[in-house]
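Given below, in the form of structure tokens, are the structures.
Both of the next two complexes hold subunit A, though its partner changes from subunit B to subunit C.
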Partner chain A sequence: MNLQKFRNIAGNYIFIIPAFLLFFTFSLYPFFKVFQLSVTDWDGISPYMNYVGLENFKDLFMDNTVFWFSMKNAFFVTFLALVVQNFLALFLAILCDREIKGGNVYRVIFYLPPVLSGIVVGLIWNWIYDGNYGLLNHFLTFIGLGDFARSWLSDPKSALIAVSVIHMWKGFGWGFVILLAGLQSIPRDLYEAARVDGASSWIVFKKITAPLMIPVFILVSILTILGTMQLFDIIIATTGGGPGYHTEVPMTRMLASMIGNSKFGYASAMGVVFGLILLIISMIQIRVSKMMRQV
Partner chain B sequence: MSLNPVEFEDKLQVNYEKIKKGTVSVFVHIFLIAVSLSCLFPLWWAFASSLKTQQTIFNDLSLFPKAPHWENYVEAWTKADFGMYFSNSLIYTVTVVIGVILIASMAAYAFSRLQFPGKNVLFLILISTMMVPIPGSIIPLYVLLNKLHLVNTRLGYILPQINAGLALGIFLLKTFFDDLPKELEDSARIDGCGRFRVYWHIALPLARPAIAVLAIFNILAVWNEYLLAMLVLNSKNLMPLQRGLMVFQGAHVTQYPLLMAGIVITVLPVLVVYLMLQKHIIKGITAGAVKG
Partner chain C sequence: MRLSYKNFIILFSVLLIVTGCSGGDKKESNTITVWHWMSDREDAFQELAKRYQAETGTPVKFELFAPSESYSQRVKVSAQTSTLPDIYGVLGEKRDFASFIRSGYVADLTPELSKEDSAWKKSFFEKALLINEFLPENEYKVTPGIYGVPLDVMTIQMVYNKNLYKKAGLNPASPPRSWNEFVEHCGKLKDAGIPCFVSGFGEIWLIDAFASNYAMNIMGEKKVFDTYRGTVPYTDPDWVQVLGLFKQMADQKILVDGAVTMVNKTSEQTFANERAAYSFNGSWCVNVYKGMNPGLEYSAMLPPAFTNARSMKVWGGSGSSLVVNSQSPRRDAAIAFLKWMTAEPQQTFLAEQTENLPAVKGSLGKISPILSEFADDVDSTTHPNIYPVHENPSVTEAFDKGIQSILIGEKTPEEVATEVQRLKEKELKKSK
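Right after this comes the complex of A and B.
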């Protein structure tokens, strides 16, 4: 009887063994290992690694201005994405949240850039932004603004903004789809009741739509922040971090110090710090959202 | 035909409302169409550019090239190796998607239907990794693959990606199994079917809608993956399309017609899958968002 029971449970475990074998090897082990590597000076090849304590972190916080500059760049793009991209997404979602002809066609088109890869999107825009023969410069010359033509991605003044535009072009359709789904989950009779009471569109938005949408707003902004801070593919396909360090982001710095300089320990410390910053941001957001819900 | 003043005023009011609504909706459509064009235009520009030649591409701004050079695609497919990259991408996508579906559905079935010690804890650990951002763990992952001699092998590129799809897959499928009625499975068990046969012959076929959503997400994720391919694969004959595009661009910076042809080759399957299955895709993201 006991053997029977044991065999039964063992048989049940077989169902989850493949999943957890992969999960422990490729998710959990690297997750803990990164902390261990971050306190060593390992170069990725040598059989020995020296324990250096918090040396890597000290250097990162005290001396690595480029890393913090890359963090600032990521925050800049994130800020633009939060404001410009999400407001565009919300505006479009509000326009489509009504009896509108071809609403589904718009949705299919807006969600097209998000299903493309960062590499493809980056390379296409690279060609559009090209300093000598890019479409954008041709267009500016055509409308008489030729003076503004420049090598958009290699001019320090425009590179980061140009990259942000690509990122937002790729991202707004995603925000649009989620926000539209949120808007459509609001019961219609709420709107009708407000209209009967003579409320204007703005009042309806302020008193009904916005409060009900807060959870969706929070979700979209957390995912926007996490996604944008970890920007990588678009940068690699366009500027590679240049000119100078003007479009460096934490991911490119981390990988450069890992692959480029063989400083695996140091790169791990960057990864830990960067991961903690992301964690803190999302915790703040969740906290704020809870406070707002109570109000 | 005469109307009394009250009726007349009412009618005027209705007409006014109608016209106002009509005007607004014209402006709304103009704006939406403008945004749509800005989404589609870069893609069309890439396509148009792929049909020009190295000589004409820099000054020929036509959106419909008069003499389309379709032979660019032949050259991209053969000489620029995009055919090889394409079949690699296909291999990776198919293997990862099948792997994720099999492994995730088995685990999800166990979490939903079977009893074993540590069930809740294991599920919690699995799900919590979906929430915590760990950009740095790519470094030890690479080190691990190196130790296992999986760097620059197909397996080394496939296994981590199967793993990457598991958490979401198990979560999605468990939710689906939880909502399924148990009667069918119970009666099969009474008829003497083992739990594996119940899972394979009854639960899995019923989960087809959820599996479709899972498949689409993983197809897109694997087809578009770049970072892992950059770290793990050095040999050209193992590279998927995204990596191939970067290698081509690195070697031939200004060969835009061929690069654009490579981009079109990369995008076309995504486009087909997306247009065929867009309803499931949009249902999938919105369901996740509204629930989460």
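Right after this comes the complex of A and C.
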């Protein structure tokens, strides 16, 4: 290889070194480190760690019912978010896609909750849900539904749903923005042609909007699943995982293991299993969406 | 100007070297750095740092990292990268403290405390030092010694609102002395439309503290420790009795609605706003209530005993402790500063400024009356960190979460006891 050629190749690599270093340090290294820690009994403090093989994974799969219960809770919230949150986001996006007065104001309002901190949102909703002085109970009493008043976050029947509502309120703005962008990318002449042919609004939605929006629906649902399964801040600011284990999610279990029990190795094993589950869900979803597109 | 290829390489390499070798925030070589998490004490600490520099010429830099969870993480990460400051505090349980010591991050202060006929050691409340002490043949295999010094002491007990007591027709000078009396007073308070008891039971350590008080009262320390060792089951009638107290609280609606998922800060607001007559909280609440409602009329009391067979024990002893980094090049200067910080004038200043109980006996005469009430109960304190044996954290969590389930009426004391015992047996099997 002559010097000129070497210079050209080396020159190209030098330009990507800073980006690669950042990527390696903050993405690749932690990613592989989690795998390494997951087979140790590291306590997060000691410079030494013992290799325990697959012991952490064995315990997680065979003995840790609370972790799987928390996974069930996360799936429940995710299901609600996929259906209710995204339906609301789509409904509002369709409304804002029309020429309505003050459309930009609505867009800003709908996009506000996602930019707020989860902790702040949690604290605000704590006040709304409060059993004694909460806004929701006051409202229910005012409209004559005082029998439904309760301490929403402490009642095992309502705690998880109450937390899900907060999450959906905070999260629908993301879906709204992405879905609105998708709707606005659909050529208007398609709608005009359908109208000329006498198509109703439902037929227009079914035959034009929905098929053309499939890639956007997929994107939004993947983001919803990944975002909701990793729900954490709202739980910490409202219930702390209680009452009992009723609002525990995988992230709170990992934190409990890591900080509460000083079991970093075990928490890393939880992280690996949880990551794999998310990966499998995403892969299934992409496969299903490909099939849907073909249909 | 056109940058040639050769010049670019040179410039890039120089930049890489310069940025890579920069020392970050270089500290003066004799500056003592102290990391802490106590946001309420920041101003007082800065003032003390100024005074120390004026007296000795040694600069001290207090660095605040709050909240405590973030602080705790920072300390752990810094330990891994050998960037711990000269003085810091270890938050968490005794096993975390032990791990720091075993890893060589904490200096043994025993020789310094023992100098001059143990003058420094003797200045502290005995209970305040216990939490920082590792006894011979301790379960963590730490070399026996004292590894930290307290800045204050605390007790976790009960407070009651005198105004609300009067409103309910109760005598504010006569708080309940027994559990039955407590339940009876709660009935009268409820009849007067006053919610009875609030605590941040969403933070399970508070449930643990409360339950532990009654476990010690009902069955005594030995039986509690035997349970931790695995020789007494949680299904023992005494443990079911402890859990039964929570069932009684649930049945008689003694707890304020929502307390089972309430964080302590909200519980403090509830009590300070006179929305509950009793609260279970630490002595730090004096400063908190002062900020929230300076006119609040309240008094401290021990949790009312279930049985008179044994005296009531509450969690307490050392509040915030600081340790010296054993790898610090300013180790001796750091120890000298800690000696100065825990001397009477500085402790009095801290107690006055922050309404916390001082760690040294000499400063006790200068505290507020309400704080004195907490100080009176320091002798009744104990703490898991000074227990000779410790429960497995998973079992403790299951026990505390089980209590939450009892409080929401989901499980019975017997069911919780059985579940906890099942987990205990599993953990015992694993540890063998």
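By our rule, the second predicted complex is superposed on the first by the 271 of 295 C-alpha atoms of A that agree within 3 Å, B and C clash if a C-alpha of one lies under 4 Å from a C-alpha of the other, contacts with A are read in each partner's own complex, and residues count from 1 in each chain.
Heads up, the rule we're going with is that a residue touches a chain if its C-beta (ideal position, glycine included) is under 8 Å from a C-beta of that chain, and two chains touch if they have at least 3 such contacts.
Just so it is clear, the model here is predicted, and its values are computed rather than measured.
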| item | value |
| --- | --- |
| Side-by-side fit of subunit B and subunit C on subunit A, or clash | clash |
| First, second, both or neither for A:G11, with subunit B first and subunit C second | both |
| Larger contact residue set on subunit A - subunit B or subunit C | B |
| First, second, both or neither for A:S27, with subunit B first and subunit C second | first |
| First (subunit B), second (subunit C), both or neither touched by A:H138 | first |
| First (subunit B), second (subunit C), both or neither touched by A:G44 | both |
| Which of subunit B and subunit C A:Y245 touches, first, second, both or neither | second |
| Touching partner for A:L92 - first (subunit B), second (subunit C), both, neither | first |
| Residue range of subunit C overlapping subunit B upon superposition on chain A, of 41-49, 59-67 or 95-103 | 59-67 |
| Shared contact residues on subunit A - subunit B and subunit C | 11, 44, 132-133, 259 |
| Residues of subunit A touching subunit C in the complex | 7, 11, 14, 43-48, 59, 63, 126, 130-133, 151, 153-156, 159, 238-240, 242-245, 256, 259-262 |
| Residue numbers on subunit A that touch subunit B, as the complex places them | 9, 11-13, 15-16, 18-20, 22-23, 25-31, 33-34, 37-38, 44, 88, 92, 95-96, 100-102, 105-113, 115-121, 123-125, 127-128, 132-133, 135, 138, 169, 173-174, 177-178, 181-182, 185, 216, 219-220, 226, 230, 232-233, 236-237, 250-251, 254-255, 258-259, 264, 267-268, 270-272, 274-275, 278-279, 282 |
| Touching residues on subunit B, where the partner in the complex is subunit A | 25, 28-29, 31-32, 35-36, 38-40, 42-43, 45-46, 49, 57-59, 61, 102-104, 106-107, 109-111, 114-117, 122, 125-126, 129, 132-144, 159-160, 162-164, 166-167, 170, 195, 199, 220, 223-227, 230-231, 242, 245-246, 249, 256, 259-260, 263, 266-267, 270-271, 274-275, 278, 281-282, 285-286, 289-290, 292 |
| Contact footprint of subunit A on subunit C as seen in their complex | 5, 9, 12, 69, 72-73, 76, 79-80, 92-93, 95-96, 99-100, 102-103, 105, 195, 202-204, 256-263, 266, 275, 393-394, 397, 401-402, 404-405, 407-408, 410-411, 426, 430 |
